[in-house]
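Okay, so chain A shows up in both of these, paired with chain B first and chain C after.
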Partner chain A sequence: MSTDNFLELRGLKKYFDVGRPSLFSRKSRDLHAVDGVTFTLRRSEVIALVGESGCGKSTLALLLMGLEDPTEGTVTYEGRDITHLDDRQRKDLRRKIQMVFQDPYESLNPTQTIEEIVTEPLVVHGFANNADREQRVKKAMEDSGLKPAEVYLHRYPHELSGGQRQRVVIAAALVLEPEIILADEPVSMLDVSIRAEIINLLAELRITRQIAVIFITHDLGSVGFFADRVAVMYLGRIVEIGTMLEVLEKPQHPYTKALISVIPVPNPRLRRERIILQGETPNPIDIPTGCRFHPRCPVALATCKASDPPLVTLSKTHQASCLLLVQ
Partner chain B sequence: MNRTRAFLKKTAWALFTIIFVIILNFFLFRVLPGDPARAGIRDPRLKKEAIEMLRVRFGLDKPVINCFESLNPIQVGSCAVNPFDTQFFIYVRNLVQGELGISYHTNRPVTDILAERLWNTVLLIGAGQILSIIFGVALGIFAAWKARTSIDYLAVGSSLVAWSLPTFWLGIILLFWGSAHGFPLAGKATPGMSSMPLLQQWGDIARHMFLPTLTYTIVYMGEYTLIMRSSLMDVLSEDYILTAKAKGLNAFQILKDHALKNAMLPLVTVIAINLGFTVAGAIQIEAVFSWPGLGSAIYEAVVRRDFPVLQGAFLLIAVAVILANLIADLTYNFLDPRVQTE
Partner chain C sequence: MESTIQSSEQNQLLARFSGFWQSFKKNRSGLIGLGMLVVILVMAIFAPLIAPYASSSTSSAGLSDIYNPPSAAHWFGTDDAGQDVFSNFIFGARVSLTVGFFAAFISIIIGGIFGLVAGFFGGRWENFIMRFTDIMLVIPDLPLMVVIVALTKPSLLNIIFVIGLLGWTTTARVVRSQTLAVKSRKFVLRARAIGAGKGHIVSHHILPLVMPILVVQAVLVVSLAILNESALSFIGLGDPTALSWGQMLNYAFGRGAMSTGAWWALVVPGFGIVWVVLGLTLLGQGLEKVLNPRLETHHLMQGRPSVQSEAGWDVAKKGTLLEVQNLSINYVNEGQPPARAVENVSFTLKEGELIGLVGESGCGKTTLMLSLLRLLPAAGQIVNGRVFFNGKDLVMLGDEELNDIRWKGISIVFQGAMNALNPVRTVGDQIAESITQHLPGFPKENIEARVIELLELVGIAADHKDHFAHQYSGGMRQRAMIAMALACNPQVIIADEPTTALDVMIQAQILELLDGLRKKLGLAIIFVTHDLGVVAEMCDKVLVMYGGVTAEYADVDIIYNNPKHPYTQELLKAFPDLTKPKKKLSSIPGYPPRLEALPAGCRFAPRCPSVFSRCHTEQPILHDLGNEHLASCHLLEASK
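And now, the complex of A and B:
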């Protein structure tokens, strides 16, 4: 079992055609949702993808799930190119990569019972007649913290709390025994007290079931608990990637610094100066020239407008793209 | 337990509404201006004695309602009369016995008139409803499935046009077209058909039904298509559809197992209410095609000021709509698990 090249993304791009800007324009414009993303995921590793809304993290998740077709770039899984697959090949792969969506109030069909929801993936993938089906469903539910499973089997989603619903979503993902779980903001719709429980659950699964987790979030504060590595995205690109400690303790990109400076610290003696970014995230249709962060960057130089900085390797595991690091 | 209680509560409300309609329906025709005895026969030469006889015949000589002296200080109604010998009491007593009075115009019991007309209407409008539901829902699903393609735009465009067509206009156009293709133009059966074998009689009725049913289906199909399409497209954009895709369900499984059941919910209400109004008939269609249904009965009764027939028809329609709503409510309860616990 090689630890490298488990899941590998190379220069992944996704442009959406948003039509012509006005009736008289010839050319239609593209929205650059994901604009060249490269990283690798190792077996049973947790990687956190951090970025503000609109930076392309969710599109990236859809690309990985094969729910959107990438414009450019490749995704390889265990050395096999899975960028463009037909439905049958994709279906086999779906068993390996499962997804947990953001809003547990929306991602469960209101007319199905919990049992139907958790059993369905097994039926779809042809395990319907296996004798251990019931066993698998119960195990997935109890592993997701729905104990005892019998209590929940015949309930409907609306009878459960948000946290319990998210556990159902996770159970429905676990039942196929996947190798990767893609969690798209799995806790942002939940109460703060329940967030830690769900994050702990994902952290446990990674130990007990060797599942790799891609944890998409806009909240850097919640990734410190269990991520091995952190990738910070800005306008469709990774601007900094490194181990959790490298990124959180020695951030190099000004955007990462700003994100970290606004993580709330409960102790008032430890308050530090916050870097508040000016302005809105630029429109991903009109990407700024040069470094795409320069209009909001507190330390931007004149040259930032002109040249797009490459990812600079700072250590074996740590990379960031900023012109200040090049010099 | 919870379900039974909800059922009883809803049924009780429906009954309460029907009682309210019964009372309102009575006074609606009593506050109309003019002499009801002269409404039916508008001949100025009518003698006083004859008018008096008409009053007695239809019970119009009796006081409308007694005034319940102790209960209402403004003394509406006639006081010092036997409360059991008032029009209102007789109306209610007749209703309980299943009688709706006698038509001013035809002198026949209203129940007989309505019963024979009701059957014709249910036959025609019922067929139209069923056809428009089947085709409308199917087209709506298809359009939502092919959303934002030219097929979808064509379906939506033609549905909008069909839904906004004036029924009588479409009826007349189809009448022209049908007359050139040998379809019968009016009525329910060819005169003299009743002596033919049963199968031939039915065939004749079916040929008479064709044009009005077609008119009805075209117009109402548009409504169902539009509702079904937008409802299904709403559901298809839900996260649980994306989840289902991520789980590996194919397009057909998603539609069958996840989308349709949820998308049908809003349609159930519309279908039930429309079925309720089936009883009212489609006055325009029945008028254009001279179909002897309830709609044309209402129309004729209005023209002739035949109040008992109108009163009976109104009651029938109200009861049908209330029952249809009740059924919609109960079906909804059954289909949507979220409703049960509330």
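And now, the complex of A and C:
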């Protein structure tokens, strides 16, 4: 594993114009979906982006994929600025960064066979006439655990189980031999017994194919052994980032602590005190003043309303943004 | 190589078509419509062979031939020019159908392209096209056609173009809405993420899903075009050189068929028009049923299951609220052996107790729960067993008595709260409705207070009462569903995956709420889930199901710390445990069995790590391990 900064995000922001609040208002309002995100991804590293819905993690994925244009900030890939690209350059880059979606029932076209689905990326990128097409399709499928490939080639998505469908999505991503896979909640729609299978598959791919994985999830529990680093997002920002053990065993931000406390532990003898935050993530149109977490924070101080805490460096790899850490 | 690919593509097309035909075959109205059309088409194509007289043969016509009644020589009489009505009818079919098909072709192409462009590109294009469509829709078609045809020369070609150019509006709207629906689906986003361009997305992803709707639409547009042509011809704007059915009507009507009593000259062409339009409509309906996925009927229809169990069971034990004894449910499909969805499942529930029902999807959890209140789809039948609730056997109760228990004794919180709430009525209204529906005698003036009380019970402020479901967040919707379930003070709540689609924090809030309600109201809860973590946090007892049978049933502590069934053991290993973050997860290879292809022996045998030969041939019985711990595995034989 090399330690070069392979993919780098600097102050990435995405605001959506949601129009004027009323007919007579002058200014239209913005929805701050992603509000200044900075992190780096190393080659064949697995980073987990964790947060509740509305924290901006899915918008961040769309920004990385170039499916949305950022309002501010830069993304560099192998030292090259890829924030704004024209269609041609973007298409070339797509081969390197592939995405796996949340819902394997919705993300496959029901009228295509598995062969058509897995071959499609090759067609789109003009590799379809290469002699090794069939080889590549079969290899991608078998690397994704669809063995032997022949059994699945002529089937339709509805004939497969949820886990198998998610493998098809992964195969269609692998067929282009990407260097980064962006997985947006890839297991949340699957049964628990199958989740492990998909996570293990992704973990294997980073070893066999040196693929870096950005794993987006709301469930800290599922990233356990698999992620190298964990970034916790709240309302468009990273509030804590560190190695997996740092974040899971020594969480510093009150939000991370709460998230960890509510993860069910599969042992009734270990029922713990849960920190259940009240309410839900505020609307990203009206971001609270000061620390954006203060209205839900169980340990908020009066000063939290006024000042927005920066990310405080706690160790070489561990950062968190909380006024309690600023001393 | 190329040829094999091509032949495999051909095979696929063939397979798709035969699949379509298989389901279309079952549709009676569609088949009748198709039959009606085939008759007319054959007649039109082979007109010279079928018609007893050549078309427009005026040579033999004299005064005595005009408006002759039906006879052996002229089956349907003669018309105003002394021609054979039947022959004209047959040749007229050619004209009417030609106009119909070509005009519809033009309409479909224009409407299809407009709809696709508007739906796919959106923005300014959509605005322009849809406003234009609206204007065209507001202008009445027929008067406009009359004006245009009157201004141009009324030739067949002109008529085809006029009808075609004016008949695309509904097609454009239908195609646009379908395109919008398909465009927002995840597989289109995935195609973009792969790097596919717009052309590729339209041709590979949008069109294949718009096509079925377009086919249905085309059939209807053809019938509309035929009607329009008839109307134009009837008012004298048809092509005088081409005798369509409408033209026949026009001549007969204009030249005294009514006054001379020559009904045949009017009825025969009129019958042709009705026949074709009816045939096309029936065919359109049939196609729509097969091709339009939105018309699928929902599987949760109420049906009274037939019960075929012998009497002579234990009466319910004292102190238990709900006792399920050896419940078995089959799904019966015509011509196939019954699928054994649930087999011999038993459990008990005491007041204030929380039981977890755990298993992978397709293991029969939901079937079991629905069967308790006999809400199974019509094909689901309770073939054995008893469900005692407060001493009454729900399986044997009449429908009315059972209605007394639904919601008032046992109620259900369904999964997917967004779909279970009506989007056009306020949440408060819907809660009020669940009170009035089940408790008709409830005093009207108290309803509002009761709704507020219920909302506050589930942690929703009273002022949200008058909001709609879309104004609620996911967590609040689930709370509203719980309020609805509580409306009639039930003793048992069945919560079917109530937290599956929710974030962990909201999930924790809902679980805390359910736990609080159980303590406050003494509710007994059946918690259906595939999430073992949630079960460990909340439940007293656990029933692990696999492939429709009980794998293991025990106290929650035994299930997690001393599980005996290999399935329970494997399931636990697959669950991420935060207290052991470095532990690699193991997964259970394979998938749960399909109900129509259950293994002969133990249903878990194909995936079991400790399988041995006996497992493949003999289904294990449920072994009682003491302390109300039950497990069905051959390995437990020796340890007993």
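One rule holds in what follows: the second predicted complex is superposed on the first by the 325 of 327 C-alpha atoms of A that agree within 3 Å, B and C clash if a C-alpha of one lies under 4 Å from a C-alpha of the other, contacts with A are read in each partner's own complex, and residues count from 1 in each chain.
Just so it is clear, contacts are C-beta pairs under 8 Å (C-beta built on N, C-alpha and C of every residue); 3 or more make two chains touch, one makes a residue touch a chain.
Every value quoted in this text rests on a predicted model; they were computed, and no experiment measured them.
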Superposition on chain A - do chain B and chain C clash or fit: clash
Which superposed partner A:91 touches (first chain B, second chain C, both, neither): both
When both partners are placed on the shared chain, which of chain B and chain C touches more of chain A: C
Contacts of A:159 with chain B and chain C, given as first, second, both or neither: first
First, second, both or neither for A:150, with chain B first and chain C second: neither
Contacts of A:120 with chain B and chain C, given as first, second, both or neither: both
First (chain B), second (chain C), both or neither touched by A:67: both
Contacts of A:17 with chain B and chain C, given as first, second, both or neither: neither
Partner chain in contact with A:169 - chain B first, chain C second, else both or neither: both
Which superposed partner A:224 touches (first chain B, second chain C, both, neither): second
Touching partner for A:103 - first (chain B), second (chain C), both, neither: both
Stretch of chain C penetrating chain B in the combined three-chain arrangement, among 4-12, 22-30 or 598-606: 22-30
Footprint overlap on chain A, where chain B in one structure and chain C in the other make contact: 65, 67, 87, 90-91, 94-95, 98-99, 101-103, 106-111, 120-121, 124-125, 169, 172, 176
Contact set on chain A toward chain B in their complex: 65, 67, 87, 90-91, 94-95, 98-99, 101-103, 106-111, 120-121, 124-125, 156, 158-159, 169, 172, 176
Interfacial residue positions of chain B with respect to chain A in the complex: 238-240, 242-250, 253, 257-258, 261-262, 335-338, 341
Of all residues in chain A, those that touch chain C in their complex: 52-53, 65, 67, 87, 90-91, 94-95, 98-99, 101-103, 106-113, 120-121, 123-125, 154, 161-164, 169, 172, 176, 191-197, 199-200, 218-222, 224-225, 244-245, 248-249, 258-260, 262-271, 274, 276-278, 280
Chain C residues touching chain A - in the complex, by the definition given at the top: 8, 12, 185-187, 189-197, 200, 204-205, 208-209, 360-361, 473-475, 503-509, 512, 530-534, 536-537, 539, 556-557, 560-561, 570-572, 574-588, 591
